[in-house]
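Down below are the structures I want you to see.
Two complexes are shown next, each including chain A; its partner changes from chain B in the first to chain C in the second.
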Partner chain A sequence: MYRQILYVQWCALRLPVVLLGVLAFALPLLTVTYGGGLEGAPPGQVAQWLYAAQQIGQLVPYVAMLAGVLLGIGSWAPDHAGKHVYALSLPVTRARYVWLRFAAGTTLLLVPVTAIGIGALVATVSVRLPSGVHAYPLALTARFLLASFVCYAIFFTIAISTRRAALAVLGGIGGLLLADAVLWGFGVGATVTPTVFMWLTNWPGPLSILIGRWALFDV
Partner chain B sequence: MSRTFAVGLALVACAGGARAQTGRGAARRSHALLAQAQSLWRGIAVRDSVANARTAWERRARRFDAGPLTVLLPDAVGTETGFRITAGAAEYLRDALPARFLAVRVVVALAATGVDSTVRTERLRNRARIPVGVEPRPDTLADGWSVAAAVAWDYRETLDSTWRGWLPPDLGLGWTPKRDGPATVRELMRGDTRVGAGCLEGKVDACRLWLGLDADTEPYKVRYRPRELQALVSGRWFPTHQSAELAQQCAAEARDACLRLTSLGYLPPIPAGPSPRASFVRFVLTRSRPGALPQALQDRAGSVGDRLVRATGVAEDSLVQGWRAWVLTEGGMPEVTANLRDAWPVAVFAGLLVLAAARSGRWR
Partner chain C sequence: MNNAIETHDLAYRAGKHFEIAGLGLTVREGSMYGFLGPNGSGKTTTIRLLLGMLRPRRGTISMLGRSVPRDMPEILGETGYVPERPHLYPYLTVSEATRLHAAFYRSFDAAYAADLQRRFGLRADHRISHLSKGEVGKLHVLLALAQRPRLLILDEPTDGLDPVVRRDVLAALVDFCSQGTTTVFISSHLVHELERICDWIGILDEGNLVAELPMAEFKNGIKRLRVVRAPAVVTGAPFVVLSREPSDGEQTWVVRGWEPRMAEWLSTANAELREVVDLDLEEGFVELLRVSRVPAA
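Right after this comes the complex of A and B.
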């Protein structure tokens, strides 16, 4: 059953998956377009190169988010288009079907993850780094996997949620903003929305993986 | 505006009076107008004096304390803001300055009035005053940094020449990894000096030279290459004729002129700017025992590095290595990691989401 679901999902998502794979492969290689022979290079060149590498590294979480969003929403696109007839025709429970869809999407997510891993490894072996600067191809790939996975899970759930659940989420966000407005109106210094945001993006917040250090080459 | 109007009215009345010498009725009218203008003028004067008195009352000095730190702020800042400013300043200065220094100083906001009487009544007469140029608006005082910077500046002046030459003006106490870390890293990455580039690459000796931690007998010779000195001279303004001439010769690759120019003191003997040195102070403050930095600042023997080693009990190379890693990783932020610690919140959150998705959906 999993293989059939995976095949259906691949048919629906092959274009974004391939494009994401190409993008993820190219991103680490952009880092080394400035040159590869840094051993014994002038100090200014090393510094500029490292700075550029770190700037390019900042793009990686955005690609991870993009992968998560596209695959998360795309996982349910055929079902939405077919009014869920295909799902209802299958001899499986809904919970099992959701898990199968999720697993198939996660498998497809491995394509850009593998691509970034290969790109990072190619970029790493193509440069001769000066002492004090290190390459982190595996750590970058693992971070990419975790970041894209959490984004994928979020958008996968949003895409299949009921209208009531969507309203609850929107209501929650609206409630936070309203609470801030009320607190501000009463002259209370506390703020709710930034606190929630901090909670989400600081460890052990689930989105903390998106924040932090993203660089293929670092000290 | 109303004062201008009143003066204008008076002028009109006078002019009217001059013209109306011929008729009794006209003269009466002009007198009435003049009286009205004078009355207006008196009203304005009273209102101004009331406003002035009110401003003076609002600006009268009020004492705020936080530990050994005493601050006189205008009353207009309010109780809560005043205490927040003082506590904020004390937090900046915590573990950095000796308490006995703060105990004999009082910080006085320049905008405050009646300072002398407050000093008398609050028994602060024996304390030296540190002026702080802040407006009596709470937002300009921010989180107490203005007060802390004024105290730090004053304290720096009491230190010996080695410290004064090395420390940033505010002792580096306001440096934070998140806000100022990128500027420090950019300076390190600029690579305009050999020692700076060496430090970036991880050479401890180069870091020591770049930060100017050692008492080098010829700092310009060991910390800069001739070409770097020439680059330092170009585009810089020199105030005296002699220095400007030497700068021209230096730029034209006359090495002796560069060295003579350095002896005049117009070029920085330390390649690292104030931001990296501030980061070093902050690093020592963060990673060493309380009281280590004040002890080092009170030490008057040897180089900056020697003093820090004595106060912290950590070898200079270890200190420098620790500082480099700390600065380059934005204050101890992990480098590029992806471990179990990062993975479990993601796994738990994703699991919960999929469970929620499996429980209810569009076709249930």
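Right after this comes the complex of A and C.
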């Protein structure tokens, strides 16, 4: 069953999965395109290179987020299109079917994760680092895995939820913006949305994994 | 004899204008049950209730001796379902869709599936999105039959198909049913289609079960009578008067459960029977609906 669901999901999502894989593989390599032969380079040049590497590294969480969002929503897209009739007519419990879909989506998520891992390793071995600078390919890969998985789980849940639940989420966001508008209208300095955003993106917020340093090379 | 499907006092409401109220179906095991009703009468909703896709507000459903929705996976494991509208993943090929389906059913007969695929003229490497409506309908029937189910639920399986495809599908269905004791529950608004293959019939209108009886009884017992000096009130008649309409000094009755010996009853009521006309299934169906909407005088 799992193999068939995985295959069905692969058929539906192979284009975004392959594109995400290529992107994830290319990002670490981009870091070293002009980084070769830095050994013995003056500190200014190394600092400039590290800055550029970190700038490229800032793109990685976006790719992780994109992978999570696309695979999370995409896992349910074929069933949504058929109003879940085919899925509901299969002789498995709803919970089991959800797990099958979730597991298949998680497996597909491993494609960009593996790609960034390989890309990071290739980038690491292809550059001679100056002393004091280190490569973190495994840390980057693990972080990418966690970040993309968190986004995947969130959007998988949103995609499977009922229209009422989706409206509740949208209503919550709208409520935050409205609260801010009201507070601003009354001239109150405090705002709600940034506070909630900070809560979400700072440890132990669920999206804190996306924030922070994502560089493959660092001191 | 056991019942393959049994519902008691089933109630469901969708929006303000549609309601199934107190539906009681009985489908005997091994029968071919035609579920007849006009568009929008609640046939698809009833089927979705049976399959556990919708939750009733009230009532109980039992299928193949098990309870819905508690034993749903076990029930669905032995039930083939052909939906009203195709819901297969359009990006899969015929063979991929077959493999996916087979993975979920222990009883799936791959050899039979291949045989049906040949008979239906479906190419294994064709994408579902590239198939015609008739071909998708055939594929749905193929998947349901190849499961070798104990119960087959078909929701308007031939709706919108051309006569050739319709005949192919019905022939495969009849052929399959002749091989075993599968119960078939088939919904349709095409009266003549059910007339040919079903031995029981249930008629649904506006969420109410108007009639449920053996096909033979339905076909043979519905007559149009021309009655002179008809009694003002019909009491104690051995048949059911579905409707009465005056015309040129006489009355036209549509009755159910008619037998020739019942003409005597009219004589004892001082009425004269001028003519007995056989109604075909469609006319009987229309009369039943008419009566269910406007009670007989």
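The definition used in the following text is that the second predicted complex is superposed on the first by the 215 of 219 C-alpha atoms of A that agree within 3 Å, B and C clash if a C-alpha of one lies under 4 Å from a C-alpha of the other, contacts with A are read in each partner's own complex, and residues count from 1 in each chain.
In the analysis below, a contact is a pair of C-beta atoms (placed from the backbone, for glycine too) under 8 Å apart; a residue touches a chain by one contact, two chains touch by 3 or more.
Note that the structure is a prediction, hence the values are computed from the model and not measured.
**Q** Superpose on chain A as described above, then tell me if chain B and chain C fit or clash.
**A** fit
**Q** Which holds for A:1: it touches chain B only (first), chain C only (second), both, or neither?
**A** second
**Q** Report the partner of chain A that touches more of its residues: chain B or chain C.
**A** Looking at chain B versus chain C, the one contacting more residues of chain A is B.
**Q** With the two structures laid over each other on chain A, which partner does A:12 touch: chain B (first), chain C (second), both, or neither?
**A** A:12 contacts chain C only, not chain B.
**Q** Consider the C-alpha centres of chain B and chain C from the C-alpha centre of chain A, and write down the angle between them to the nearest 10 degrees.
**A** Computed angle, apex chain A: 140 degrees.
**Q** Kindly classify A:88 by the partners it touches after superposition: chain B alone (first), chain C alone (second), both, or neither?
**A** both
**Q** Which partner chains sit in contact with A:78 here, chain B, chain C, both or neither? Use first/second/both/neither.
**A** second
**Q** After lining up the shared chain so the two structures overlap, which partner does A:140 touch, if you call chain B first and chain C second: first, second, both or neither?
**A** In the superposition, A:140 contacts chain B only.
**Q** Once superposed, minimum distance in angstrom between C-alpha atoms of chain B and those of chain C?
**A** When the complexes share the chain A frame, the smallest chain B-chain C C-alpha distance is 7 Å.
**Q** For chain A, what residues appear in both contact lists, the one with chain B and the one with chain C?
**A** Touching chain B in the first complex and chain C in the second, residues 88 of chain A appear in both lists.
**Q** Report the residues of chain C in contact with chain A in the complex, numbered from low to high.
**A** Per the stated touch rule, the residues are 51-53, 72-77, 81, 83, 85, 87-92, 96, 99-100, 103-105.
**Q** Show me the residue ranges of chain A that touch chain B in the complex, using the header's touch definition.
**A** 42-48, 50-51, 84, 87-88, 94-95, 98-99, 102, 130-134, 136, 138-143, 145-146, 149-150, 152-154, 156-157, 160-162, 165, 203-206, 208-209, 212-216, 218-219
**Q** Along chain B, where are the residues that touch chain A in the complex?
**A** These residues of chain B touch chain A: 186, 188-194, 196-198, 200-203, 324-325, 328-330, 333-338, 341-346, 348-350, 353-354, 356-364.
**Q** Which of the residues in chain A come into contact with chain C in the complex?
**A** Of all residues in chain A, those touching chain C are 1, 3-5, 7-8, 11-12, 78, 81-83, 85-86, 88-93.
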